[in-house]
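Here come two complexes built around chain A, the first alongside chain B, the second alongside chain C.
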Partner chain A sequence: MDKILRNRKAVLVFLLPALLVYVFTVLAPILWSMYFSFFSWDGVSDMVYIGLDNYTKMFGGDKTFWKAFSNNLIYVFIIVAMQVFLGLLVAILLTSITKGRELFKTLYFAPAIITSVAIAQLFTSVYSFEPVGMLNFILQQLGLGAWSKPWLSDLKWALGAVSVPEGWRYIGLYMIILYTALLSIPSDIEEAARIDGASSWDLFWSIKMPLIKPVLTVSIIMATTGALKGFDIPYLMTNGGPGRVTELLPTYMYKTAFSSLDFGYGSAMAVFIVIESLIAVAFIRRMMESKET
Partner chain B sequence: MNYSRYSKAFLAVISFALLIIQVYPLVWVFISSFKAPTDFSSSNPLSLPSKFTFENYLSVWRKGNLGTYFSNSLIVAVTTIVLVILFSAMAAFVIEKMRFKWAQSVLFLFLCGIMIPIQVVLIPLFILYNKTGIINTLTSLILPQVGFALPISIYLFVSFYKYISNEIMEAAVMDGCGIYQVFWRMIFPLSRNTIVTVVVMNLIFIWNEFIFANTFIHDLSSRTIPVGLMDYIGQYGLTDWGATYAAISITTIPTMLVYFIFNKSVISGMTAGATKG
Partner chain C sequence: MKAYGKWLILALSLVVLTALVSACGGGSNTGSTAENGSGAPENAGQKAEKKTYKWFVARGVDSPPAVTVKEIADEFSKTHPEFELVLEGTGDRPSYLQKLRTLIASNEMPAMFDTDPDAYASKLIEKGKLVDTKKLLQDLGKYDAFRPVALQYQQFADGSMYTLPIEYGIEVFWYNIKMFKDLGLQPPKTFDEFLKVAETFKQNGITPIAVDGKDKWPVLRYLAFEPFRMTGNDFIENVKQGKASFKDPAGMAGINLVHELGTNGYFQQGFSSTDYTAARDLFLAGKTGIYYMGSWETMNFSNDKLSADMKDNIGFFRLPMMEGAKTAENDYFINSGIGVAFNQETFDDTMKEFVKFLLEKYPEAYTKKGQFSPFNYSLDQAQGMPEVFYKIQDEIAKSGSVFAVPWDTRLDPATNELLGNELNALALGAHTPDDFADLMDQAIKENAPKYFK
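Right after this comes the complex of A and B.
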């Protein structure tokens, strides 16, 4: 038995296909990106080694980079608020419904399975001003016609407008994760607290929240890292515009590499996106843990 | 929870309202796909079609490319999924069941992939595929998608293999099975449920994939559905909305069908995919 399970050749036969594809499409490209980030290169002419110049340009002189960075933080904030906090709210509501939970879950999750291209087009028409889209029409019907505006070309509102669709499509995903966590709380804990005279509110804040905190932490991390990589919907809806008001780091990186053909600088930004995600994960973990004491 | 009757009714109303906000836009796309062009210039986007017309579907069909995009998407999805299932089941078998010193390190290496943003591989892969000439071919979509699907798929298979006892493998070996037969005849067929989860989860991700397709494919004839959908957005706001909604409806139907048939597997797969990140 042992001999069969130690069969070296079989180990290689089973492992190599996965390992080769994975190394060549995921791991090695990360190293190449790091390497490219030290060069000035348009993909055609010779690569020129420029040391840390791309990074000093990025952190020092590039206003668009910082604009994209601060936009990205707002984007993260809106998306985490929608996905995790609305998701939690809906999950709590769901625990109070007795009939039709399964149907509710199924329908609520549906937007998550639609391609971002379709979602971008759907919301472009929702926000449309001329012809009047769903949002502006509803505002007019509510007598709030003064608020209606071309959301995607409005300098103040465009960033919010491109953030909402991404938040909206995955509320159902986080709702289900948090709902499962809420369900896994043993009911005798709840009963004991009730007998001790806890109100619904106490029960929620002092008992349920601490118990689902690990899941909540993971959800916040997922939503944050997801939003830091945010690309499809802003790229498709506004392509970073008008001006740079909806530019995010991934859209800026993409344009730098594939429109301006500055592969070195684009790679430096790609590397930054990875590091930024790692820092965000560490930061959220630390914040959520320190609240515990 | 113990709520009073009134607060229960109140919560039910709120839940229902939220459900409508969540689902109505999708229903609306479907309804709007039957509207006549004149309906779009009317001032009420929420109205029903003045008369149901299939004109939009015909115009999508006449544009002609949707069939090509469909078959490209299908080729990419099927090939990718077959490779992902085979490669990840085999690799997970080595990691979980075979006596192999580096098993845990290899697993860790794979799991790191769950956290990696796609953007960081785009430039190197673009350059590599350009040099090797596979840019603009479906292979340039299949390879990276297999790579990025492996981590979570391997994770799901490894979690399942933990529950298969070593005794039944021993029994099979006693009966004269070699290692390959143990895997193909016993372990692989036993993992049917995990296979279904991995298939439906990946099918939806792959069917909807946009960034690779937008970066590596420039030929009309190699486009997949998500990129092809962009045909219906005109430049400078000249959009054929009717055709757009019809195209969205047609292209979303396959994922919707898969979802409503396998919704438990889709949800469990996607939440697993998400929570391990």
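Right after this comes the complex of A and C.
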């Protein structure tokens, strides 16, 4: 086996099938979308070449597009905050207990394996106002009845309400990733720091954080790109509504292509989402690196 | 040794590749035969190959129409072993349409599928993709067996017809008799009375109306009520092409009604995310006074489906009237449901024979399930159906010949998408009625020219 691994050509041959699959399922559709984005097409009639018109419309006059874009940024913010920072918090807490660690790990991870549809259903009933759902019931029991509201129909709160389930769902996933990173820190470093008189906070901020930073960067990138293409839960819970208050770029793209039957314009948005994700990745890398200096 | 290793690797990767390629190829091959039903017998000696026809269903595979058709298809298969009907359904209407349109855009149109006579369907017809069902019914000598409205509903403005009706329903306001009595209310006859009833409910701390806002069309009905009373279907037929404006009196009347019902809290709180069953359950649990829905729900309002509290407690009233109304009291939303379209490419003799068989068996089988069929067919008292069934059956017999068309089957897809989204926002007070009218006019100006020439 060693010999095979040392043979570069052999490795290349083995990489080929995966590369082919990747090209056909990821790269080709992206290129295809770029091609479609220069046309006006309803999926039935002939395609009409319109050059950059779709992009002009997107960046120029389409208010819904910008609304969806800004919604998407809020969505990303809530989700990254929940997934990475709550995930990190839980991971740190886990490293400092010994009893019941496995139980906590399993429980926190469980939502990650439930399907989106079930989660959307679950949270729809949690948020429900009539008949009263769990959240509003608890608020009423706590004497905070004035705060209870139909969360998913509230123009101000709906976006937050549809963001939380997605964030909540993957806390466990990032917890596991960050927990493993924390565990991989050699214990002698920690002991040495303790002997030098570092407080728990110093230990965390000056020793552990820098050591897990590469993992943290990857986690933030994964959470951000995940949220940028956020689709299923908002789509299932509110379908972008009421109005456009929970519209995200992917839901708007999907509806434009498949409900409004404007495949060209939908494709232009898809291309935008790809570029936006690439920019986000570059931005996060830059930010995390510059912190080092 | 080194050379041997190389060969081993090459051989292995070849195996992997072939497996991959053949898996893909095999998959798509079987897929296309199944969907197109194009498997022909190879030679005379062999038994005829089974042809599988797919029906892509919008109404849920366990809904009475789908179940009835499936039962009849299975019966048909007994005498025609080569025929098999496979049903495939998708949850809600928006995802159904999206999936269907994706299938069609990728050239995988099912043998049968549900569609309204909308702008999209007319594009398919332009391309010659659908079977002319008017001609089909005339060929089979079944055209006159249908209720006239059932067929009219499936027709385009020019009278052509490409979908087969398999349902029939009138739409009424179902109401809670006891709640009305307790508050000393009568079923409203006019829209003014309707709003007064709603206000009285609200004053007494009861939610007046349950509505399914998630699917959008039930709220869209409220927008269409007053325009229908004022102009019949003229307003929608004109406004969809930009020949009329939402700022016209009919349009504003509709917009104002939705705005008023929504912002005054006459719909249940959180209605925009309430789905079909949740809205119905609110009404059936006695939490709201009124629920607007079609007669296809009749059996759910019959006593054996109800809790003890709700027994004999559900009545219905017609669409209210208004001064200067152009349509009569017994004209309201009547429809024959989403129709079934047939793929021209897969419509062979077996399929035609099946349709003939279906039309023979359907009226009785379907009506006995407590449903109302698009055929001239009714059950007498001896059949022992629930009382509310006979009441609706009578109401259907008395209904007029002018019927309101659902707007979502008339507008172009892009405007329709926007309207569905923004209408809930209007009811929640995010738009003023004027802004909403402007928004819609703008959308029609932009999108309608692509669909109406």
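Annotations for the structure displayed:
Operating definition for what follows: the second predicted complex is superposed on the first by the 267 of 293 C-alpha atoms of A that agree within 3 Å, B and C clash if a C-alpha of one lies under 4 Å from a C-alpha of the other, contacts with A are read in each partner's own complex, and residues count from 1 in each chain.
One rule holds in what follows: contacts are C-beta pairs under 8 Å (C-beta built on N, C-alpha and C of every residue); 3 or more make two chains touch, one makes a residue touch a chain.
Remember, it's a predicted structure, so these values are computed and weren't measured experimentally.
Using the contact criterion defined above for the overlaid structures, shared-chain residue A:262 touches chain C, although it does not reach chain B. Contact with chain C, but none with chain B, is seen for A:241 once the two complexes are overlaid on the shared chain. Touch criterion met: A:17 reaches chain B and chain C at once. Contact with both chain B and chain C is seen for A:4 once the two complexes are overlaid on the shared chain. Between chain B and chain C, more residues of chain A are touched by B.
Once chain A of one complex is fitted onto chain A of the other, the partner contacts of A:26 are limited to chain B, with no touch recorded for chain C. Looking at the shared chain after the overlay, A:254 reaches both chain B and chain C.
Of the two partner chains placed by superposition, A:217 touches none, neither chain B nor chain C.
Of the two partner chains placed by the overlay, only chain B lies in contact with A:111; chain C stays clear of it. Residues 4, 7, 10, 13-14, 17, 21, 43, 124, 131, 254, 258, 263 of chain A lie at the contact with chain B in one complex and at the contact with chain C in the other.
Contact residues on chain A toward chain B in their complex (touch as defined above): 1-2, 4-7, 10-11, 13-15, 17-19, 21-22, 24-30, 32-33, 36, 43, 90, 93-97, 104-118, 121-126, 131-134, 137-138, 168, 171-173, 176-177, 180, 190, 194, 200, 215, 218-219, 221-222, 225, 228-229, 231-232, 236, 250, 253-254, 257-258, 263, 266-267, 270-271, 273-274, 277-278, 281. By the touch criterion stated above, chain B contacts chain A in their complex at residues 1-3, 8, 11-12, 14-15, 18-19, 22-23, 25-26, 28-29, 40-41, 43-46, 83, 86-88, 90-91, 93-94, 97-100, 106, 109-110, 113, 115-128, 130, 143-144, 146-148, 150-151, 154, 169-170, 173, 178-180, 182-183, 204, 207-208, 210-211, 215, 225-227, 229-230, 232-233, 239, 241, 244, 248, 251-252, 255-256, 259-260, 263, 266-267, 270-271, 274-275, 277. By the touch rule above, chain A contacts chain C in their complex via residues 3-4, 7, 9-10, 13-14, 16-17, 20-21, 42-45, 124, 127-131, 149-153, 155, 237-245, 254-255, 258-263.
Chain contact summary for the complex, chain C toward chain A: residues 1-2, 5-6, 9-10, 13, 16-17, 20, 94, 97-98, 101-102, 104-105, 120, 123-124, 126-127, 207, 213-214, 268-274, 278, 282, 285, 287, 413-414, 416-418, 421-422, 424-425, 428, 430-431, 447, 450.
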